[in-house]
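The next part holds the structures, each set out as structure tokens.
The following pair of complexes shares a single chain, chain A, combined with chain B in the former and chain C in the latter.
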Partner chain A sequence: MVDFGFGLVPSSRINLDLFDKDKYRELVKIEPDARICMACGSCTAVCTAGKFVHTSLREAIEDILNAKNDKALESLQACQLCGKCSMVCPRGINTRHLILSINKVYSAK
Partner chain B sequence: MIYEGKQKIWSDYQKDIPDDHYFYVRSCIRQSFFPASEATFLDITRNRLGKDIFETEHHTTCGGIAYHSDTIPQETVMTIIARQFALMAKHGYENYVCSCITSFGLYCETLETWREFPELEAKIRENLWKSCKLEFAKPKFLIHASDLIYKYRNQIAAQAVRKLVNVHTGEPLKVVEHIGCHYSKMFPSKGVGGAEYPYVLVGMIEAWGGEIVDYPERRHCCGFGFRQYFIKGNRGYSLSNTHKKFESMEPFKPDLIITNCPGCPYFLDRWQYVIAESTGKTYGQDGHGIPALTYEEVAGLVMGYDPWDLGLQTHQVGVEPLLDKMWVEYDPAKKFLGKNGKDLGAPAPCACLK
Partner chain C sequence: MTPLLYLLAAQAPDPEVIDRIPSGFSPFVLPFTIGVAFMFSWIGVGLIRLLAAIPKSDRIKFAKSLFIPKTALKNIKDLFCDCLFHVKIWQRKPLLGYMHSAIAFGWFMIIILGHIEVALFVPARLNVTRGGLFYPIFYRYFVWMNPGHTTLRGAFFFFLMDFFLLYILSGIALAIFKRFRSIVLGMRHTTKPSLADRVALYSLWMIFPLRLLAESFTADLSGGSFLTVPVNHFWHFLFGDKLWFMPTWWAYSICLGLFFAAMPFSRYMHILTEVLWILLRNAGIEPNHPRKGVAEAEIYACSSCGLCLDACPMNVQKKNLKYSSVYFIRFLRRHNEKKINDIADKCLMCDKCHALCPVGVNAPALRRAQRATVNNAIPFDYSYLSTASGSTLAGETHATLGTVRGGTGASLCEASGGAERSEAVARPRVLPETATGKVLYFAGCMTHLTPRIIKSVEKVFKAAGVDYVFADREGGICCGRPLMLAGRKEAAAKVIEANKKMIEESGCDTLVLSCPICLKVFKEEYQLQGIRIVHYTQFINDLIASGKLAVKNTGEKIVYHDPCELGRGCGIYLEPRAALGQVGTLVKASKEYDESICCGGSLGSLTLDMKDRGKISESSLDSLLANDPQTIVTACPLCLKTFSEAVSNSKGPRKDVKVKDFAEVICG
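Moving on, here comes the complex of A and B:
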């Protein structure tokens, strides 16, 4: 194969038909704060684990809404539950509880 | 729906295309990519249809390629365009036909801007006089060269020696039509069929016996996008655009792509080579690609021109399978001979694309 110095970029297409409504309803039931995140990124900015490996609650919530559940779980894999994100969240979300809930709902097959 | 009402709505999507007497302006990049297309246009309109198409060697680029690459300001472009229009008036013409879709879009944009801002028009008028000593003029009719071929499509069909038909099966060729974005996406009223139902190429395909392929990404950009291609770091986006279109059209097994823009046939053609050589994927039958031709080349094929005189050897994707389907006679030995019979040299063979 020839290397031209550029190539196909990964598709950013989002197929919302794959969005799992049942799991999202289950998540919102146990964690209503999932709805009020405004994706400001404060949680990601202060994340201790995020300094070393890719960790982002903001991205995880976006990924769930964009039907990329596996990617959402990957974004939270390195979380140590230190709680710094809950201290800076402008919407007052209990982020540790939200992260645990996301893992609980979306890890279940 | 009431038939008369439908006809009335459709009439709003039409544009006035004068019958004759045009000032023709070439495209700067098209002459490098597919040099015989413009020569074929002039030969068909002048010699086969007997129309008065005038061109002068004094015209320049419209400046569109620099404008869309953000390298020159709009007022400079407008002065260049004013000079083109002034040359038209100087030679006694008032109908302006351009070969390039980007030029067409830019001319429309400039005329609309002058209409909205008369003080800017006055400034450009002054710039033109100061820089070139030419009288400012505006065309009465501005059209794209594909509009003219569309208008004459039935006359071309009457002179055709063959149709867009697979002679082995008797079935019409499946043709993908790709309209340049600057044709009617910017100013829908300036294109035949507007932005919603662009009909300029569909009309040609129907008149010449082909079958239209309607696929999901039909109106997606070819991937040129100017800076997306010119800057190497962005080139992957250009390639991915084209890839998206081909993935979408592949299940419909098209025989041919017909385009009316300088950039579109180039990128739909060359990126097939890049996709094949970097990923191994080809979109035609048996490892071939899908030929992406200009409307003049397709008109030339149905009218019986020699494929090598039409410059079909300048395409990366081999056109021989298409020529065989249409029963076009050609001499493979003459493929890379110049007009003077001199051997131009064949390109190195591709590893994946036949």
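Moving on, here comes the complex of A and C:
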């Protein structure tokens, strides 16, 4: 791309054509809760792993919707499955299974 | 036939028993012999395969265990109590226990007594080449009582054989009754039999009535006692002098043959596999695969008795019956991967089915092994743990060292300056004489989300003057148990390693935990040498018992909920109750101790959703509130949160019930 000297920071550029519908369907099938997140961030606020390295379920869910699958996986690779996020999630999302499912679906090439 | 009798009698003057058929063979024994030979070869091959599949070290461990007197004694005890008398079923459902032990023990005795009879009266026939395989089973067919020469010894055996036959028949009658009316034997749910199960089941039902028929038809020739002789008279009365007894013996043999041929494919395989499983279990060998090796013995030791159906808390909803352990094991046997994974993921890992299983099948452990086959491979990056344990983890740990030193008033290291902090990390701590028994308190993730527990624990510690260090005041890392429960063994090992380092470096000699989930994994996986690992209920109970902590009884009506990981998981039932008895009046829950019902919040389940969990919480509440307590007390942060929510969501008088943590109640 020609650099005009201004523009979006690369990391926040979104190309929705890359959105993987099949994988998302698969994810929603094994964990329907993926749809009901309201991006409140409570999960991230209490995250055990998040105290040490960037870890965020909220971001992972958003990244998937923004077609940034690898970034989503990165946001979860430090997760210890401790379950604090499921204790605080106001939507009652089964966060641990969602995390496992995202990992299963999106790390399969 | 009479001349033959005289002929034989002439050969051996006055024997008590005469070998009626010199060849010692009759074609009717074939169905039985073929069936039993098939079964034994099947088992032989299976046993070799199984032993080949377990690691060499385990094989050696197994062989050794058979000669360690303590294990050998336990083996003998377990074989008698579990396989023959089914003591565990007796304790739970007496009628069902009677049924199982009548069939198992009665049959065992008939086989043993049959062999003893042969050994006493026609010893040559014990030889396999001379019919040893079938002769003792059909003894009554092959012999002829020498009239007028029956001794007391012979009569005694006749009596015993009839007695045990009657005993088995009563068990069979109950079994048939149970198939149609299971609730009578105290079972709400009963398992659905498969095809092989049914073949085996119906032939099993028939074997003993047919044995009675066959033996009573020949009782005037081969002798009998209080059961077979009167029945024999009855046949004579019905059919006249000549009884045509061959068909009865054929039918008896065919039923036995069918049963043994169907056995390897049916639930009745457990009769033999159970023996192997008990030996393996007592040798301390654990399955590392859900189906291969030791697990094979384990899944074939399940008798499909269905006790785990009623035990499972998920089964408050009928739709969840299919997730019970008995079906999990059945699908493992059938290699149905999709169903196995679904079932494995659903379970709460509350361990109740394991605790209640009469043969000690550890289905939750098999589920963990199954989860591992899928989840262990998920990539993770815990590199931050190794860097963190140097700086962040240890730094935060030591920052909290000695913030409260109630006992001596001296602080281990002041939490004020960074320099002193790092010094404390580097310097080996030399404790004053008086400060023996250095206590480290680890709250854990869940406790951090329920700060009221931390507050109360610290209050209690202060009141009792406990000299303690708060390991994760600023937040630590997870204990590793949730990862283990999800089958992520490798990831768990990393977390455990990091925590272990932190604890060993702290130099404590007592580790107090407020979360039973942590407690379980610390006890089982950490191998912390020389460190006493206790739950805060135990620790606080000790404080009260030794007079260090004064409490007063408010007379509040309290019901105590046994958290799964604390009760069934670590066997701690009495300490919390002892302490709570000092501050209030304990009332009973309808299910408690090892029968306690999971609160529904368990981290064990991967796929249960909030609605299903809610139903489980409700049924757990029903049990707890059976005797109208004012307060529910639990000793697990997860239970505390789950019950608090369940109570606030419920309607009516239930809303007024208080839910409190153990330490909170002790504080008053």
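For this structure, a couple of remarks:
In the analysis below, the second predicted complex is superposed on the first by the 98 of 109 C-alpha atoms of A that agree within 3 Å, B and C clash if a C-alpha of one lies under 4 Å from a C-alpha of the other, contacts with A are read in each partner's own complex, and residues count from 1 in each chain.
One rule holds in what follows: a residue touches a chain if its C-beta (ideal position, glycine included) is under 8 Å from a C-beta of that chain, and two chains touch if they have at least 3 such contacts.
The model shown is predicted, which means the values in this text are computed figures rather than measured ones.
Counted by residues of chain A touched, the larger count belongs to C, out of chain B and chain C. Look at A:Val46: by the touch rule set out above, it reaches chain C but stays clear of chain B.
Using the contact criterion defined above for the overlaid structures, shared-chain residue A:Val88 touches chain C, although it does not reach chain B. Note for the complex: chain C touches chain A at residues 345, 374-375, 378-382, 384-385, 388, 392, 445-446, 448-449, 475, 477-478, 480, 482-483, 486, 488, 491, 495, 603, 606-610, 638, 641. In the complex of the two chains, the chain B residues touching chain A come out as 232-233, 235-237, 239-240, 243-244, 274-275, 277-280, 351.
The touching residues of chain A, counted against chain C in their complex, run 33, 46, 48-49, 51-53, 73, 77-84, 87-88, 92, 94, 96-97, 100, 103-104, 107. By the touch criterion stated above, chain A contacts chain B in their complex at residues 1-9, 11.
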